[in-house]
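My questions all concern the structure below.
A, B, C and D label the chains in the order they appear, each numbered from 1.
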Amino acid sequence: MTYKPLAREAIARRVALDVPDGAFVNLGIGLPTQVANYVPADREVIYHSENGILGMGPAPAKGQEDPDLINAGKQPVTLMPGASIFHHTDAFAMIRGGHIDLALLGAMQVGATGDLANWATGDEKFPPAVGGAMDLAAGAAGVWVLMEHTTKEGEPKILERCTYPLTAERVVDRIYTNLAVIDVTDEGLLVREMVPGLDFEELQKKTGARLRLANDWRQIPA
Amino acid sequence: MTYKPLAREAIARRVALDVPDGAFVNLGIGLPTQVANYVPADREVIYHSENGILGMGPAPAKGQEDPDLINAGKQPVTLMPGASIFHHTDAFAMIRGGHIDLALLGAMQVGATGDLANWATGDEKFPPAVGGAMDLAAGAAGVWVLMEHTTKEGEPKILERCTYPLTAERVVDRIYTNLAVIDVTDEGLLVREMVPGLDFEELQKKTGARLRLANDWRQIPA
Amino acid sequence: MLNKIVPSLAAAVADIQDGSTILVGGFGNAGIPVELIDALIDQGAKDLTVVTNNAGSGRTDVAKLLATGRVRKIVCSYPRSAGSVVFEELFAAGKIELELVPQGTLSERMRAAGAGIGGFFTPTAAGTRLAEGKETRRIEGREYVLEKPLKGDVALIKAETADRWGNLTFRLAARNFAPTMAMAAALTVVQARKLVDLGGIDPEQVVTPGVFVDRVVEVSNPAPAGQA
Amino acid sequence: MLNKIVPSLAAAVADIQDGSTILVGGFGNAGIPVELIDALIDQGAKDLTVVTNNAGSGRTDVAKLLATGRVRKIVCSYPRSAGSVVFEELFAAGKIELELVPQGTLSERMRAAGAGIGGFFTPTAAGTRLAEGKETRRIEGREYVLEKPLKGDVALIKAETADRWGNLTFRLAARNFAPTMAMAAALTVVQARKLVDLGGIDPEQVVTPGVFVDRVVEVSNPAPAGQA
């Protein structure tokens, strides 16, 4: 059988279906930021930015950008009615204190017990940069990862143990890739969904940790 | 020679002369609160209250009290232009972080090295209460004590070591009593001023710790 | 839709469990959530630990809750104040346990709970009886005491303005412990004098962002606290 | 009279010493005190440690300060961002030391310095390379790292409104690190877009109370940060 991996936007679209109504959500830089574009219109999601914003709205119209109103990725944003502004220490108190329901993060690697590596490859040539990644990973009530299932070279990014420097230990709850949706459970990695046409053995081959297939697994909805 | 101890108000009046222009000051409950009444009119002093006020003004006119605007002693106060309101945790960050220039506090006992006892007598009959006393004593940049020189029974309140439970160790900078003004220095207690007519030997007799008389000591100005 | 507004005081406190730790806002008589406390009394939860700065005065609000006999323990900085007769009677009779905490440490411990801090070193109370039994450490020549986070199951808070996301403002010094307690409890319940539409509070003037609040009930004419 | 307003940028930074630790507000290009940084460059202090979230972008402000070669060490969370060419060159050449701190820990460490906290346990970075060499502790089943206060000799802050007592407001997300840095430095220097009379800021809307501020200078048309 043949299968077609999800496009990057399709990963964001798939995650968006699971973001609960009324949730306080922090979107990581890059692909996670796109999730907001696909959340169903009947859900009200409150977006948090670690530079001191709750209730971020979409990007402003061209020419309407305000240099004092940017998100954690330094892109211009807007405020929704109900938004609030606070300082950095309070923004991270929200994160560290478990008040943010969900952090959607990109990843380089995820370990079988939910370890996350998304800040450094260990390559010493470039200066390291961590930003708020460790605070979000350790602090948010829920952590979902969005990423390609393998590297460009086809190496697995889901591993028994990460080889890259960790961002946090045992924090990832769920992994959304271009091939599958996988829960991190006390009994290990549990495949909930796969793209149409992909069989479990093929998925396991592309994964560096032991997977189990949920009894009620299903195809990722188109 | 005869001498006349200062009245309570006169202690407050004497302290007021030393409160610097532009200082951020926290006034303890009771006698210290009265100091504000005597600060010279050409000085601008900013009063802090640990329940979240900077820039407190005098008591409101009768009938103008606002139940939401009280000081740490739960008395109604007013706000000066330039006042600010903040929450308790920030109010104590100001104190603990050394941002309050001066705390004026009452005391039951003061030790020769600046130990302060002003919250409990050790009598177990009554429930203990500490309020912000320990935070102020440990945190304020400067701590001045206002008190009678002896107890009603004539027992000294300035001692080599306090016998009552401590509020904080080594924090008092200066002691204003109804008999004298005494600095706590690295070399011990140094008498700066005495009430007219009091001689040093008499003061020493009423004091439970060794005093030294400053070369440039003077009479407490009337 | 995110709507934290509940229709009644009874609904706001309906599921508070026996044995809960309840953080109660207020300093002196400013900021005490009188109506929420009354609702808690009507609701009937018992074996409570109450964390609040003062132990009530007069016969209403905190004092009234203590008088029900349902408070096992009180954690506060200043239980003995003008009119704290109910507390004093219970204390003298050995019917209530008291944990005395310096006021700034009380607030900072709740802030730690709300901010995910596992503990902190404070100079307050170092060398005193209130540090007995606690871990201490010398840091840069100064003695510090290790204090632990103080978390609530429930916070009862009085606010001035609220919207359906739970954004809050307060009135003058009635703010006191409320923003910190709102962070520090698993369930934060707010009585607000005025409900406004989303956007009715300027984003830069929100004092407590809605993320710290779970339920809001309107009490447009709150009773004064500390009445005899 | 308490008057923190100084007449010029030069006067605001006149006595900054060689070897100082300078906290510089801003996140991305929002809230960066461009004119104060320029004044510091003109003033000439060297052997500096700079604490700021990003390591500058373009060739102005933080990047321009780094390019002078007077910054021995930078403490930040995210030095590598779009346009951080000056930092990258210095780092590659071994001409600047980097202490990388997670963003929330960076802010909390400065808050601890400002609030008189001797140290705190945080779950952030537990089990990672950034906790190596640090004391750790298991608290209620979770691993925490002991972090120390981070104090500045000087903070350079951009505000929107200020009065002569040093009360401040900020504009939108330009607030970011400024209130915390204002608490954390021995000398807090502010450039404000607008000076107002005492009472010109509503007491409930003051974000940084004047007690945390030492000097205010008016810069009514601040330049944008991060320019090439």
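As a working rule, contacts are C-beta pairs under 8 Å (C-beta built on N, C-alpha and C of every residue); 3 or more make two chains touch, one makes a residue touch a chain.
This structure is a prediction, so every number in the text was calculated from the model and none was measured.
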* To do: Check every other chain and keep only those touching both chain B and chain D; list them.
  => C
* Structure fact -> Between the Cα centroids of chain A and chain D the separation in whole angstrom comes to 30
* Centre to centre, by mean C-alpha position, how many angstrom separate chain C and chain D? -> 33
* **CA centroid of chain A to CA centroid of chain B, Å** => 56
* Sites on chain A at which at least two other chains make contact -> 85-86, 92, 95-96, 139
* For chain D, residues contacting two or more additional chains -> 108, 111, 115-117, 122-123, 172, 175, 203-204, 207
* Pairs of chains that touch, anyone? -> A-C, A-D, B-C, B-D, C-D
* To do: Provide the residue numbers of chain D that touch chain C in the complex, in ascending order.
  => 108, 112, 115-123, 137, 139-140, 142, 144, 169-170, 172, 175, 203-205, 207
* Structure fact -> Residue set of chain A touching chain C in the complex reads 21-22, 24, 44, 46, 48, 54-55, 79-86, 90, 92-100, 139
* Structure fact -> Within their complex, chain D touches chain B through residues 1-3, 111, 113-117, 163-165, 167, 183, 197-199, 201, 203-204, 206, 209-212
* Using the touch definition up top, name the residues of chain D that touch chain A in the complex. => 27-31, 55, 77-82, 87-88, 91, 98, 100-105, 107-108, 110-111, 122-130, 143, 171-180, 207, 224
* To do: Please name which positions on chain B make contact with chain C in the complex.
  => 49-53, 66-70, 74, 85-89, 91-92, 95-96, 120, 126-135, 138-139, 165-169
